[in-house]
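Two complexes follow with chain A in common, the first pairing it with chain B and the second with chain C.
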Partner chain A sequence: MNMIRDILNWLGTTLKLMTYNKAGFIGFLATCTILVICLIGPFFIPLDTRTKLDKIYQPPSTEHWFGTDHQGRDIFSQIVHGGKDVIYVAAVAAFLSTFIAVTFGTLSAFAGGAVDGFIMGLTDIILTIPQFPLLAVLAAFIKLDNLTFLGLFLGLLSWPALLRAVRSQALSLKERDFVEAARALDLGAGHIIFRELVPNMMTYIVISFTLALTAAVYTQVGLVLLGLVPVSSSNWGVMISLAWTQGAIFFRDAMWRIMMPILAIALFQLSVITMTRSLELAFNPRLRTMV
Partner chain B sequence: MSTSTTVPESLSAAPTVTGSSWTRRIIQNFYVRRIAKAVFTIWVVSTIIFFLIRLLPGNPVEQYIARLIETQGMDYENARMQAAALFAIDLDAPMWKQYIDYLGNLMRGNLGVSITSPGTTVTSIIARFLPWTLFSVGTGLILSFTLGILLGLMMAYRREGLLDHTLTIFASVVSSVPNYLIGILLVVWLGVQWKVLPIAQMRGTMSPGVTPAFTFAFLYDALFHAFLPITTYVLTTVGTWMLSMKGSTVGTLGEDFVTVARARGLKDWRITTAYVGRNAALPLFTQLTIAIGFVVGGSFLIETIFQYQGIGYVLSAAIAQRDYPVMQGVFLVITVSVILANLMADFLYGWLDPRIKVG
Partner chain C sequence: MAPILEVRNLTKQFGKGKERVTAVDSVSFAIEPGETVCLVGESGCGKSTTGRMVAGLLEATSGEVLFEGKNIKQLDSAAFRRYRQSVQIIHQDPYSSLNPTQTVRQILTAPLLRHNKVKPGATAEKRALELLEVVDLTPARDVIDKYPHQLSGGQRQRVAVARALTVDPKFIVADEAVSMVDVSIRVSILTMLARLKEEFHVTFLFITHDLALAKYFAWEGRITVMYLGRIVEDGPTQRLITDPRHPYTQALLSAVPEADPELAQHKRQIELRGAEIPSLLALPPGCTFHPRCPYFAPGLCDVAAPPLEAIPEGGRVACPVRRQERVSLLV
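For the complex of A and B:
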């Protein structure tokens, strides 16, 4: 019973802190809405796969909210169904790259010396190699037909910038008084890392995760546009890619077909990035104790 | 290639190099260390490429041999010889010898021959298409960097005003939407829906009949064709510059030296440019180095969208047709240009802020 109350308390404080930044809170609400539509929506809205020749390229109406495509299919149902794969791949990539960045960034900052030199040297090198061409060239060699594998592949190459940020954060935390005090009290490495450092780095970790999420959406859709990811099911990237390769973007009536997936991706990216402003407040341990 | 090049930071932190003072001075020299790092990075990238081409199971050399035997009825020996010629690799030599030869070939600029257009060397393809990418990406980045710094400065001086709020919203929107989507939007709206721009004529790098020369007509034509890619680069990067410049300027405005400059009665314009602007723009140069890689990297989708025949367009065509020699050559060249651009940005930074050369 106590635990439930604690959790509810924690949630309440978090939400209250998040409302302090209005733009960030709107971003948070928008992100939640998109997630709900993409993850739960498919169970309620069936994917329209029937070709209806009399309803090709219709503008939005009460029957078809986002209009219809070149085969008369409902675009709204495609948008609802097209989000989960994109978000899943991005989440896998973001988890992996945040994990690598946080683990090795902290390690680098605390170990110092040769370990730090090696990790930072490697990071610098990978950071200078243009990522998108590297991914595209690699994708030409490796078959990326599995969503989880694609996510891991993206995550494996997108940690360097995050690692540098985490390392510099850890370096500055290392010298703070409260860490010094914990060390003087001989509280042990586990206590210092998980009770003192991680809560203070939580803001960084969460923001790194959201930024990695948007970066993964960027590269993923880019690879789809280049035709390098043979994903069979329809998702936002594939919708744009098909409209692109079939020349629909040069066709005036096809506007809704090309605009809706673009808007979906743009809105998702914008909401997630705006949400970081609120996350910054919600995970800041200093603000939390003040409430 | 000593191991010390991989760990420049630790060298500066704890000078472990012993020896006469001038060798130490060379090793710890800012420029020497940066150049060594650049060379090392290029070596790592070429090694990765060699690994992909030669060592991976089912690598392109083996695939190409198999395809020749299958489609052209060649016997194994002939197919092998042709593949060796295309990739500029001696397949009979031991692996380490192949690796050394490969590095030697790279240094001489021999990158092999294209599979899809036989007889064309990869080097000549690069020489023909690279200048256009350098021109469009370079112009775009310089424009957006300058514009972003000016707008950011303005936002910081008029913060919380209408201009600041409008520009902040604009900046957050354009910097979060993927650049290739902005490219597609430009085509859809400016070209198709509103018909403001003749997008079909704007494709390519030059109009038919125009030859490269130092004339106004050529420059106009080049800018006409590069207009959409450049606009995309500017639109998608300017937001980041504006927001960072604003934040950095607000921080600088509170510094003591600005107050002192005001107390000395210096003109506002001089304080803004020489005291605030210069110092506030400094941290942005580190971001510029990351941006160069990102923009060059993303350029190959932008060039594909606008059918602008630069190096990125060639790369995406080569990837689509699995033309491996062109792919490896172009990827290497893109990486090397990013590394060189980083090196230049580092030197520029060192020149603008002498403090970092010592550290």
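For the complex of A and C:
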């Protein structure tokens, strides 16, 4: 019971802290709304797959909020169903890259010597590889049709920049007296990394995570748009890709069809990036006690 | 009695090649259980480096640290962990010695739980509260859930002391433990530390640049004076304060301001030949103090490093100039 109360307390304080930055809080609410619509929406709004020849390329109306596509299908339902996969792949990629960067960045800073040399060497090599062309080339050999696999793949390529930043932060933090005190108290490497160092980098890590998320969305959509990733179903990237290949940009009537997924992606990215302003507040212990 | 801690020819060098500096140069001393020893010297003289090597936080370039008679380098891992816990350090800066993301409760219970000193839950909290009371942070309940930034410098320093006590140490290295604390509460922290010495049978190595403070804290103990990585003089505090033998100790003492104007007027002032401390990168040959020393004897002081020699009044002095000559020059 006590633990549940503590968790609720923590959540309450965190939410309150997040309201301190108006823009950030709006971003947070918008992100939540988009997540709810994309994750729960599909259960309530059926995907419109029926071709209706009399309703091709209709502008937004009360019946079709976002208009209709070239087969007269409702774009709104496609948007609702198309977010899940994009966000899932981006989240997998962001989790993996943040995890690699934080774990090995702190390890590198801590172990020093040969371990540090090896990790940094590898990081430099991965950093010099141009990501997008590599993905394009690899897509020709590997079938990137599994969402989790695609996410892991993107994550495996996007950790180096964050790793370097984490390492430099850990390098400066580890010289602080409280880390030395923890060593004197023999609290162990696990405690020092996860209780002493990581909490002090939390703000930075969370923000990097969201930025990695947005980067993964763009990379993914870019790959789909180029047709390098044969992701079936309707996701935002596929929608743009299809509209593009069918020449939607040349017809005024077809504008809604290509604009809506673009807007959905832009809105999601904007919300996530604005949200980081509030996250900055939520992970600062100094502010926590002022509530 | 066997010394609880002994260092033999302890040396620490930093850097490589031309940039190589010797921060601590062949330092030897021994500390008996229950004794209080103050390490005194200007900044950069290697006193903190010595303290960190004693606490096992920094590896010596050469020489040995013996804790309870055993060389810490030769301990097996279990014994080393016992040593690790037996020797704690209190840092100078209370603003960087506590993790800003943890509450006092987390700071104190982590080591308690890690080393199975208490069971999780209520007993851990009870012990943490007890420790806070030991360091005079009362009422302890008001402090335990605070973050470091909600505490004053003095309070933080007390939390740092309480944290060191969680593992029941036998030896505490207090590295300038009160020099960043407001003068008004220094004495109360020093008194608290002196009380711990009695109650918990902790032996203190007190590192400071302030001779007046050393005199206050270790009146019954000993003072070791360091200059540019070497010990220049050590001895029982009362002898060293009333009858300093090394010209550097004399200069340090004469620089301590006296509150009594009568005393201040008659106080012997030592005129140094130079105020600049030589760079560790280019140490003068022989006695490193000779460029500043008022008793400098050419051909004697600037040739070989003078050895530390025991004197009958107690302690050791490293000065090649005979005592009579030194005194006659003084008059």
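Criterion: the second predicted complex is superposed on the first by the 287 of 291 C-alpha atoms of A that agree within 3 Å, B and C clash if a C-alpha of one lies under 4 Å from a C-alpha of the other, contacts with A are read in each partner's own complex, and residues count from 1 in each chain.
One rule holds in what follows: contacts are C-beta pairs under 8 Å (C-beta built on N, C-alpha and C of every residue); 3 or more make two chains touch, one makes a residue touch a chain.
From a predicted model like this one, the values you see are computed outputs, not experimental measurements.
S.K.: By the touch definition at the top of the document, which applies to A:R286: first (chain B), second (chain C), both, or neither?
M.R.: second
S.K.: Have a look at where A:I129 lands relative to chain B and chain C in the superposition and call it first, second, both or neither.
M.R.: first
S.K.: Touch test for A:N200: chain B only (first), chain C only (second), both, or neither?
M.R.: second
S.K.: Quick one: classify A:M255 as touching chain B (first), chain C (second), both or neither.
M.R.: A:M255: touches chain B, not chain C.
S.K.: Kindly classify A:E180 by the partners it touches after superposition: chain B alone (first), chain C alone (second), both, or neither?
M.R.: So A:E180 only meets chain C here.
S.K.: Per the overlay, which chain contacts more chain A residues, chain B or chain C?
M.R.: The larger set of chain A residues in touch belongs to B.
S.K.: Which residues of chain C touch chain A in their complex?
M.R.: 52, 55-57, 81, 84-85, 87-89, 91-93, 96-102, 110-111, 114-115, 146-147, 149-150, 160, 163-164, 166-167
S.K.: Using the touch definition from the top, list the residues of chain A that touch chain C in their complex.
M.R.: 176-178, 180-181, 183-188, 191, 195-196, 199-200, 202, 285-286, 288-289
S.K.: Spell out the residues on chain B that touch chain A in their complex, using ranges where they run on.
M.R.: 6-10, 14, 37, 40-41, 44-45, 52, 56, 59-60, 172-173, 176-178, 180-181, 184-185, 187-188, 191-193, 290, 293-294, 296-298, 300-301, 304, 312, 315-316, 319-320, 322, 327-328, 331, 334-335, 338-339, 342
S.K.: Within their complex, state which residues of chain A touch chain B.
M.R.: On the chain A side, the touching residues are 113-114, 116-118, 120-122, 124-125, 127-134, 136-141, 161, 214, 217-218, 221-222, 225-228, 240, 244, 249-252, 255, 258-259, 262, 265-266, 269-270, 273-274.
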